[in-house]
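As written, the chains take the letters A, B, C and D, and residue 1 is the first residue of each chain.
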């Protein structure tokens, strides 16, 4: 006997986490159903807005990330689109999206301790970093090979604060960053770190850290594999740094999306 | 030199299909960004609502589909969550989600011909089915091993009509169904067929047919792999039909999601 | 009820294609057990030698093939070795190893016809190529982006002839090459073509064409993923053509391997 | 600049670990080339015989293992054979084949210590198990859900001893088993444990532990996926314990394979 808490399947009826799928359809955005699947409850309006921004933050980062490179290499070999997209997602690992999980684990543990000991985030940053150093570990979620001031981090934190979602975990991460700033070793919080802080404050299990990135990136990889299949020659030479963007010019959001 | 029309990457700036990613975040739902990636433009309000329902329609179908079985078999072996989810997505194939692509290809071709010849959907159904029969092909998108009246089909078509999206392709598919009804061989339009009809009427390339299912199912597979990893013993016996749902009882949507 | 003809599993007993696994171990080389699995019978001495050469022919082709690029991109992301190797194998597709399958299909069909019509390979080459041309198809298995005279082809054909394995299929492929030579459009038979010809003469099902390459390449991808994981930095920049071999210098086979 | 020690690629010349591929072909069995790739040198006659037995030991275990279940679930969905085989290999994880790696790591560390401290395997077993217990770990490589006396273990150890390959690592593993026997908690050494002991005595890096299983299983998965594709209906119901072997009857090895 195996039990599942996800979907009840009967002839002509599908119930997911208690909701009929055909009632979810048309009333609940896809991103909110993802939230439902990962947390067990539908998000409120604020959490719904936040999860959308989180998923969009991982959507695509051009041709260089291993996810994209793997998806395109596989796509160029003459396989079905899903094989290429899935192959790209295999690249979500400890060094590529994995900082979310590791950062969440550390932040969640540290905030628990912080509360027990009645400390402020500022007071917690030093002993936490000392402890990591002793174990020979680095704080994940800081630094980026391209971005010194990642616009996605700024937006995630800005939104989380505006929506009243940011809490102790975001505060602790910012205190950690301030700690490095003070020491003159300024390191930006990267998008993985930002996702980790916000996801902790929303109560996500750290074991879902990589999934938050994977689900966002899935959308981008469909586009990347499709472009490879429809625009490039089979088995083209992939090893080139000579890359050029020729998509739509930079533009403002349509009015209906502006608040 | 390789060109890409998807994302321009510069230090501290990411522009996807012309929009800054940090502007998309917080203003545009994840599903709408997927639409942007697949079609090149952001959806209007109606198309946005439709794409959400389409993605939700594929989200999960319990323990039996190959996508779920593969994801859980792999998850039970002690691998990272993304490896299990990607492994499940490999199962999106010609017989599992693939009817969307094949049905789209047939519908798109037939509607083009229908217009050229000035026929109605009802007039087109017969010759199309005769042509398929001659080639030894079956019309994809009809019939289901469990559902005789798939609630997801009903919802997708209902929405597409309410939103003014349903057009010739949905009409042709319904005419095909009516053709079989008349012959006494009644076959329901399944969710793949419904997705195909609507996706054609929205102008999606049929080569993206499987991707529409894959992107929906990705959410469900994260939940399935996570449940396997956190609730079941490693390497448990998978071959069992003895399955029970023990998630939340059936419930109504929260008020804020009711229109 | 599902039936399988592969392995009978009982407590303390495993019987594969009729042979106890512990009797195969130590008496039958791994490559011969592969042959057993694919053909149902153990190879004779000649077929055994041939299958070894066939598997070795696909083992590795340096850093550029999509199989290797995908495996290394995934390996560089911090995942288990099997995830990276499997990801690389997803790249065995219609354009990468797939010519074996397509070439086998064409050769098998053509040789059957050739026998029915009492033609020689030389007489068959012309009408076959004309037929392909009419269908808008190219003869697979000819031409290579790097090798004009692939040493693996020469060895496979040489062995197949010495061992008395080469038959009508190899002869037809050589007649096809001669046809192009005569027209002044000389194209070498590549390793896929050579594998196809020999595999057909050995009676393999064309549906196993890609598997013959996959099984060889699996060995190489383990080495490639392992080297990436143990020698390179995580998430290193992959887009570089600046590659250098620094393994062992060219050397002769040890005496015990020389006949 | 990226360096590789695996294969040098030049027009019409491929050199792997110093040997021309066309010289390896026909003279060196596939399994020995795998050994070359993993260890840097061709095996001697004894090591060559051993590696063959090791690869064969993982070849197939019927329909129930996750590797096979995943490969068949994916194969039943209508995808190319390599997609199904690769999907099955994703299931090589910490709980499925992973005991080889973990057992190797423990055995290698313990034997090093054993030598430093001048202890015998019998003297080392107790403190090693005590140490593991203290860390809350179990000794991997012992116990099996089906086999109480795995014929593959017996053969691997028998061969390793006959060939003079078995050394301290095999001896330590046997001492560990004896330790449990004495305590009345008799646990068989399983095939993962046996592979681990022998691989350590052959000097393989423990990081290649899973690869030794993966490379063997690849052969079996090709046969499993092929059988699924050619013998079963698409999307058949997989959840059944009702399984029957209908392959060749048990038989003796052909004379030429008997020594």
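Convention: a residue touches a chain if its C-beta (ideal position, glycine included) is under 8 Å from a C-beta of that chain, and two chains touch if they have at least 3 such contacts.
Computed from a predicted model, the values in this text were never measured in an experiment.
The two copies, subunit A and subunit B, are related by a rotation of 180°, based on C-alpha atoms and rounded to the nearest 5. Distance from the centre of subunit C peaks at A, each centre being the average of the chain's Cα atoms.
The interface with the greater count of contacting C-beta pairs, when B-C is set against B-D, is B-D.
Separation between the centroids of subunit A and subunit B, computed from CA atoms only, is 23 Å.
Taking each chain's centre as the average of its CA atoms, subunit B and subunit C sit 36 Å apart.
With centres taken as mean Cα positions, subunit D sits 40 Å from subunit B.
Multi-chain contact residues, meaning those touching two or more other chains, occur in subunit C at positions 63-64, 79-80, 82-83, 86-87, 90, 92-93, 240, 243. Interchain contacts join each chain to each other chain, per the touch definition above.
For subunit C in complex with subunit A, the residues that touch the partner chain are 63-64, 66-67, 69-70, 73-74, 76-79, 83-84, 86-87, 90-96, 98, 145, 234-235, 237-241, 243.
Of all residues in subunit C, those touching subunit B in their complex are 79-80, 82-83, 90. On the subunit C side of its complex with subunit D, the touching residues are 1-9, 11-31, 33-34, 37-38, 40, 42, 44-45, 49, 51-53, 55-57, 59-64, 80-83, 85-87, 89-90, 92-93, 97, 146-152, 154-156, 158-159, 205, 207-208, 210-211, 214-216, 218-220, 222-224, 226-227, 229-232, 236, 240, 242-254, 256-259.
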